Amino acid sequence: MEMRDPVDFQVRTDLALEERESFPGDGGEISGVSLREWHEEKSQVKFTEVKILDERGAKAMGKPQGTYLTLEAGQLAKKDEDYHGEVSAELAKQMRQLIVDLMKGEMREERGVGRKPEELRILVVGLGNPSVTPDALGPKAVNQLQVTRHLEQQYGDGFCRGRGLPVLSGLIPGVMAQTGMETAEILKGVIRETGPDLVIAIDALAARSIRRLGTTIQLTDTGIHPGSGVGNHRHCLTRESLGVPVLAIGVPTVVGAAAIVHDTVDAMIGALAGNMATKGMGDFVQGMSSDEQYALIRELLEPEFGSLYVTPPDIDEKVGQLSFTISEGIHQAVFPG
Amino acid sequence: MEMRDPVDFQVRTDLALEERESFPGDGGEISGVSLREWHEEKSQVKFTEVKILDERGAKAMGKPQGTYLTLEAGQLAKKDEDYHGEVSAELAKQMRQLIVDLMKGEMREERGVGRKPEELRILVVGLGNPSVTPDALGPKAVNQLQVTRHLEQQYGDGFCRGRGLPVLSGLIPGVMAQTGMETAEILKGVIRETGPDLVIAIDALAARSIRRLGTTIQLTDTGIHPGSGVGNHRHCLTRESLGVPVLAIGVPTVVGAAAIVHDTVDAMIGALAGNMATKGMGDFVQGMSSDEQYALIRELLEPEFGSLYVTPPDIDEKVGQLSFTISEGIHQAVFPG
Amino acid sequence: MEMRDPVDFQVRTDLALEERESFPGDGGEISGVSLREWHEEKSQVKFTEVKILDERGAKAMGKPQGTYLTLEAGQLAKKDEDYHGEVSAELAKQMRQLIVDLMKGEMREERGVGRKPEELRILVVGLGNPSVTPDALGPKAVNQLQVTRHLEQQYGDGFCRGRGLPVLSGLIPGVMAQTGMETAEILKGVIRETGPDLVIAIDALAARSIRRLGTTIQLTDTGIHPGSGVGNHRHCLTRESLGVPVLAIGVPTVVGAAAIVHDTVDAMIGALAGNMATKGMGDFVQGMSSDEQYALIRELLEPEFGSLYVTPPDIDEKVGQLSFTISEGIHQAVFPG
Amino acid sequence: MEMRDPVDFQVRTDLALEERESFPGDGGEISGVSLREWHEEKSQVKFTEVKILDERGAKAMGKPQGTYLTLEAGQLAKKDEDYHGEVSAELAKQMRQLIVDLMKGEMREERGVGRKPEELRILVVGLGNPSVTPDALGPKAVNQLQVTRHLEQQYGDGFCRGRGLPVLSGLIPGVMAQTGMETAEILKGVIRETGPDLVIAIDALAARSIRRLGTTIQLTDTGIHPGSGVGNHRHCLTRESLGVPVLAIGVPTVVGAAAIVHDTVDAMIGALAGNMATKGMGDFVQGMSSDEQYALIRELLEPEFGSLYVTPPDIDEKVGQLSFTISEGIHQAVFPG
């Protein structure tokens, strides 16, 4: 997660799910975007798969083409270890499928072709600032990872493969304000030197809705696109920029105060429009152009909430639990039976 | 700070300053409440003194009679050690005056009569949960305190007095969910056993406005009244409940998400009313009764923001700096030149 | 644990077990001291019960009369959650028995008479400095405790008793250098105000042998006697000083560097004496009077190791695990099946 | 710092100073090793410069050729911010000289030729495990560093140079057990991608003497040679392995328990030999061959202290202070007046 700078007003979300929800008429179709939802009875996890299929979909959603799979589990907010174990298992299952699909795409390049997840060389990267609690999710998850790559170096090439183990390595690259280097530079160097087949990148995300903080996990095969990926390719961590496929795992840990304001205005307009007495007003505001609505909200925002991000007071505990759920999910996805 | 429970919807603030601001017509007078504001040129600190003078004022403000002095310094948000030193000095000056005034009230009880702050026996209490970052302000401040009371026990009664030092002790009582005891019970026992003349209680507060987080310090001679002091006297830490005067130092570190929503609605109504085209709507909503407005906001709030508190992502650093500013302020207030 | 000050040279241990071992001829009997050892096959815990029966025993051991029960489990050093669970269960069993015995002694005072552990009002105290890692064991254990006493206050007297639950409260009083108050003063006040039947005090200990750090738990019905309890009654936390029985749980987390030196000298003398060629020397040193041996060791110690305490580099993790094992043990001991 | 594994018995030190002291006859000359000592009156810092001049010296010392400069300041153990400032200044002065000398050696390779420290591109690396307190010195120092390299990327090449600023970047690579990668691999990749002229590597060291913990800083132009650099070139961070010169800054934070035992035996032998009555024994043990002495000590060590490292209980605070002293020293060395 990179906190955006103060001039950036836009009410953004890193969750494709929330981007999708923001379209009017909710149930409707967006051209170039497919949507699939299902529940797991036992684990009470709700899955939402958003696929951005073409350029039109990418433009509408403001996100690159690819698959975005979201796991939602309200109970994740609670301190229930057994439940976290169930979510880890669901996460592992989905991650495994995404890895298999990602590596199929690599076939023509004859690297890691047809290998199972447990036969790959995988670099897990914990993005974010380890010193800022809501941003420390990725670093914490990598800290709990059981790496194996050094065993290959100690006991010889093929040591892991011979035992059906993945060759797992982990890195916490830090953030640019602390390193003076772009994460992509650090990763490119480390990848060239250590040769993984796949990168798994774990990051804290910004959501639009407070209730998603700490209860939602997003998997995507599109990599990491800080600042919404609109044009700013320098910072991307993707197949293109790194040379290996990138599976991204994200958990929302902050919301912009602007998002709360925005949602309130939306809800208020809805409430006004839904009430006979105030219907006229609600209709009126709904009838305002997008630009006019923007101007109104911007006015409401200044100068308090502009670029402020907020997080729940118990985020320390939440990040601790979820980083564990994710590292366990990775273990189950890549270590066989 | 005690997080209020989910059924509590009210948009509250622990700052008398913000309570005062919430009255319509802002500049107007509230019966039974006096207001005084001034700036210190050099330190760029803005002071606001709210005095609640009688029962009417207390009822209007929802807070007990007494003096509430607020220091605001936007720069406190920054990592400037020299500046924090200046604020500590301002804090010390005001605290010293408040202590002198408080102890005058004690005269007729012949305890600590006419003593200077440096001659008192003072117990500093760090309220809040040390494990929850935005609530750890008080505990952190007490951790940085230089206590002296044990020197009296080691080198004899009068050791501190003889050197013009206060007899300073410190306690971090924890929160009821962790101790199973009310803070007032713990303090009553410790006060009876160790006999201080004065309690200084440091606490994290809830504000209404995000921009006050980490930039504002409130001093009050009324003690601590969790849950707004409305009827719930069991939890109060006051002259009445503890038997010694209580100076409270508070810093806002969280805001209710409900406050953000509330302010947005307010601002939106204002914006609608200020615009020719939408004037009718704004006027209409303004014309709604208080109960109707409440019902509207409550509807907007559900189910997302109800009882949620939020805090800035860098609260860890902010709490670290401010706890130091406060402990330094106490040192300067009670240790002579 | 209170670090002793620099002039204190004596190679001390807080473990009665180690004190007992230090007597020459190891297997021999000490008048006034009984010894019993056994193993639990399944949990692989070794138990040693040292009972100091009379004044002679107390003088020989430098510890007050009473029962000292030690659980040793080398595997505790490892990160095996299941194993920690087994040790918690053993701990709970022994603790329960000790509590029953302690409360029998209270009979004639008609308080908590004949009650089961789950029917008592218990205050658990986490001694030590929460900011110094090896001393934070007690505070961390109390942080993980599930207190219930406040439920009585919320739902009425007898709420816990009616459900067969103990009335559990917890306190982290801090150390004198931070509070300016003696722990006994704080506890006396809190006990008077909140009325527990029993105090359980958790503390970090100093051991003589490095291999005991993090692998040993000592239970005793004699309370806490910092500075070896020799005359320094001001600091004691005992039935006498607090007015209620005190069960103490201790885990060694530091050793004095002096202890390492001392053991080396002992071992070296033994080695010399056991070797034909050097037998004369070993015998000679063994033949030195206790005072001469002291003088020799003191000379070897100066100026490096005098009062230094040392701890393993991974003490952070060890303290984390053991504090959990202990809080779980307490839960199992006082909450019924 | 890499903790050595259990079979490694040798009483090692990472300080050239201590290695030098270990030679018998202390004041005597070692062929191929020069020694220079001086005091700074004002800062009360003692400097010792050990130069290993040739292969013979390297073999005798068990360390590679080069310069080892040690700053000792007993007061560093205390919490005196002003004093830490003075030590930072001394450190900066020496560091600056070492950097100038190092870069002269680079002349023939036409990179960074004749540049002042403030004109170089420097990568500062914090070695060690951030989660293990005594090993976190390097990571903590890098966290406090003010990096600038990203400004070049934001405002254009030459931005820093134009202002006389160094191009500073920082990295916390983690340890192999957490990353599965050798630190050298990570650094090689990052160096290739980001092109620094110089690496400054900060590491926690193992000393032989407890009194050096937290009071000593070693600078060396030989880079990092974990495991004593004897043959194990895979792990080295040097001019040879990384392609750029490496200035290493180290602070001892642990000692082997074996070192304490070893020193005790030495001191005891000395004491015996110095005493008329026991002179024969001391002489006898001194007369033992090195192998026999080894065997004796090994016997004394087993099974307790073999590979144990120990650290002071307040290491947390010490590492916090020293990491700040070092990062300030680097700032002063590379940022112009």
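Labels for the chains are A, B, C and D, by order of writing; each one numbers its residues from 1.
Heads up, the rule we're going with is that a contact is a pair of C-beta atoms (placed from the backbone, for glycine too) under 8 Å apart; a residue touches a chain by one contact, two chains touch by 3 or more.
Given the structure is predicted, the values throughout are model-derived calculations rather than measurements.
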Inset, instruction - Moving only to chains each one touches, count the minimum steps from chain A until you reach chain C. - result: 2
Inset, instruction - Report, in whole Å, the distance between the mean C-alpha point of chain B and the mean C-alpha point of chain C. - result: 41
Inset, instruction - Enumerate the residues of chain C that touch no fewer than two other chains. - result: 131
Inset, instruction - If every chain is a node and every touching pair an edge, decide which shape results: line, ring, star, complete or other. - result: ring
Inset, instruction - Report the complete set of touching chain pairs. - result: A-B, A-D, B-C, C-D
Inset, instruction - Flag every residue of chain A that touches chain B in the complex, lowest number first. - result: 3, 131-135, 209-211, 254-255, 257, 260-261, 263-265, 267-268, 271-272, 277-278, 280-281, 284-285, 296, 299-300, 303-305, 308-316
Inset, instruction - Quick one: which bits of chain A touch chain D in the complex? Just the residue numbers, please. - result: 130-131, 142-143, 145, 147-150, 153, 167-174, 176-182, 185-186, 188-194
